[in-house]
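We call the chains A, B and C, going by the order they appear; numbering starts again at 1 in every chain.
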């Protein structure tokens, strides 16, 4: 699974384009008032989402956070249902009850996402507990940001995962900003992997701009977890090319920092890498075009789709 | 009917039966392999293995999230929170995740989780080990809440909680643990009339049911026949049984050990006055603890705790309104 | 070793340790006759709490946990008011509202006791935050056991303390050495994957010190360094004091497993009984400190016994005071909910 041939790598690029196109479309729809609620975009973190999820089986579990459109798509979520959910429509994954921050696509292993910073990590531990109890050999992944690093629950989770050798991969997407503040305003710790090392959890820090580097780290973490050797912590250095949420002017960001990261855009980098490896420019252009067209159609149907019946506001409170 | 067992043993028997019946059931909590402070889980780790009966660190927030995640993915966990006072540390996971995920996912996800939690006043334990927080749970859509009062109900109610596909908070009053009674496995749905009566309805649950029954005995001595209802399920509430009784008696006292203000009694009182207003001959009375934290000193704990006297007094005050109009 | 202090202060430390030891022993005996609820004793940790806390200055604050009696007594809280509180009397430190688990003595620098594991960590950090913002020369001490490190609030707290360089000392009393084990079918020891525990502070770049909690001099020195760092704006320190859990610390109610402490064991090895000989000979910090003072010629055995006699009388009087005190007015159960 670790080595991908050229065709496999082109598939990764396709998936990254799908995310990029999706997020840019959501941004457009947001500006037109066609999606609901708070929207947190993952433009710039496609390398992390696709790199990690490409190392997973379809029945492995992923738990996302408030910025998880990319994770859901990378895990195989249907973009029509995802877009409809963000638009608050009945045809969405959650019938419009979840919205952008609470995507659940359990049929593809994207179990749920949370709007509470750090809230998904313990849930991922639980799925890992199910795996060890039923011995079904699945691996569980929690995606969280550097802001969750300072939440006590993460530390409790690291301890428990280490104690019980749970098959869980902690993926910390360190984009350098927790909401509106740089990480240095939240902690004196520079390498968030230090949090995991104290519990003897193996760690690695990778460049989120390099999808293949992320993938290699994830492949080894997943293999470890599946072999019963316990958790691993991957810190992915990534970047939000947008503000914390759509509408955030991100005035707290340094321009030079933004320019530097625009160069390190994971999609642009991987595209150049594949061209260098001999993939025809036409083929690559076609991946982008296909993604954009697929997303345009998803957006069109999401916008046109009917909203949920108001009666639905009080259904599904209890499982029957 | 089987032999008489203590309440705590009934819980043990319920856990044992569920673990034996369903491989998806796991028991998780602090010191559960040892048996916890009161012995509810004693011996289960030896019987079912430490992969199904697991001790956790003192990390309530993460443990509640973990059992929620396990419930989402096929297990049927029973988590023990040692004192209800400590569930405050786990409220994010319980309220924001366990309770809401079925709804937020548009019905895709289920959280078959049982939260066993012990609480109430007994033993001069002070304000961090003596609370009754059930109205926090009954106020949260998505949670179910059950509060047995008798050993006989403890086992089937636990089985029902574990079998339920929703998060169920199973409230155990520490003061009931050593009560003995016959066990049974008959299904326990809704409320039950513990003592029939014609003059006043006393609605209660958990340990307060015993105070209500004692108060009814005293009232009977003065010619007042109280009907005592044991709710058993606090969410969903069996209002039909309550309303049927109040429609008959025309008088209602709602009694619980929790702080009266904003408590479940207020919800019941509102429901009663709305639904059977024309049958009432007196306002609905509430008996609950004073609006204060629990003090440790025996004299203060006793003053805080409502009981037989308060229920008798409340029922008596309703009788003073006279008979129903012809 | 003995702390680097004048002789009278060295003897004062012994006196404070004996106050704690005799207090706790009396309480265990009292519990046989009175319903005083669930309680925890500090026996075996006096040589940590006394040298650590006796050197705090007026206005410094300490936040303690369920095993709090020794901490309060180390800073001079009145044992009579403490026994009264534990017995639920009106003359108690909290007028009976707290009980053993919530004893508060603000005039001795103890705003509260939290009986929720890890509950005092944010409180102590918050006090240090206030000291820092108000620019007052005060330090805050957070007292907790190794179990509190399993709570997320510890990590959140020390992160903020490190970030803001707050004047707080995290004193972790790790009494899990030779803890009751699962084999004996007792409570398992703490469930923690990190070792040593100081790594949980070092990862936040907080300086750490590990000391033998039965070594009065070592504890005094470590805390002096930590307090000095806090006062001089150097930020938090994490001190781990290691002790062996006293054999009488049972899961629910303590028992006088090693008997009433006989101070002659400190200088007469032959008097130590077979049962618990390791405890009396090497693990009891009070006996160790007594031995050190006698060996150094700072006190005579006669001085020790005389001091113990005074302390024992003080504790007997405290118990009698509490027994004789009235119960609180039941109406007071409803007072003081709001300031």
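In this text, contacts are C-beta pairs under 8 Å (C-beta built on N, C-alpha and C of every residue); 3 or more make two chains touch, one makes a residue touch a chain.
Predicted model, so just to flag it, every value in this text is computed and none were measured.
*Asks:* Which chain has its C-alpha centre closest to the mean of all protein C-alpha atoms shown?
*Replies:* If we average C-alpha coordinates per chain, B lands closest to the whole-structure average.
*Asks:* Tell me which of A-B and A-C has more C-beta pairs in contact.
*Replies:* Of the two interfaces, A-B and A-C, more C-beta pairs touch across A-B.
*Asks:* So how far apart, in whole Å, are subunit B and subunit C when each is placed at the average of its C-alpha atoms?
*Replies:* Measuring from centre to centre gives 37 Å for this pair.
*Asks:* What is the distance in Å between the mean C-alpha positions of subunit A and subunit B?
*Replies:* 41
*Asks:* In angstrom, rounded to a whole number, how far apart do the mean CA points of subunit A and subunit C lie?
*Replies:* Going by mean C-alpha positions, subunit A sits 47 Å from subunit C.
*Asks:* Indicate the residues of subunit B shared as contacts by at least two other chains.
*Replies:* If we look for residues of subunit B contacting two or more partner chains, we find 56-57, 59, 61-62.
*Asks:* By the touch rule stated above, which residues of subunit A touch at least two different other chains?
*Replies:* Residue numbers touching two or more other chains: 152-153, 156, 159, 163.
*Asks:* If a residue has to touch 2 or more other chains to count, which residues of subunit C qualify?
*Replies:* 150-153, 191-192
*Asks:* In their complex, what parts of subunit A are in touch with subunit B?
*Replies:* 61, 63, 92-98, 102, 104, 106-107, 111-112, 114-116, 119, 121-134, 140, 152-153, 156-157, 159-160, 163-164, 315-320
*Asks:* Quick check on the complex: what are the subunit A residues that touch subunit C?
*Replies:* Touching subunit C from subunit A are residues 150-156, 158-159, 162-163, 185-189, 194-195, 197-200.
*Asks:* Which of the residues in subunit C end up touching subunit A in this complex?
*Replies:* 150-156, 159, 162-163, 191-194, 199-200, 202-205
*Asks:* In their shared complex, at which residues does subunit B touch subunit A?
*Replies:* 23-24, 26, 51-52, 54, 56-57, 59, 61-75, 77, 92-93, 96-97, 101-112, 141-142, 144, 165-166
*Asks:* Within their complex, state which residues of subunit B touch subunit C.
*Replies:* 31, 33-34, 37, 55-62, 85-86, 88-89, 123-129, 290-293, 295-304
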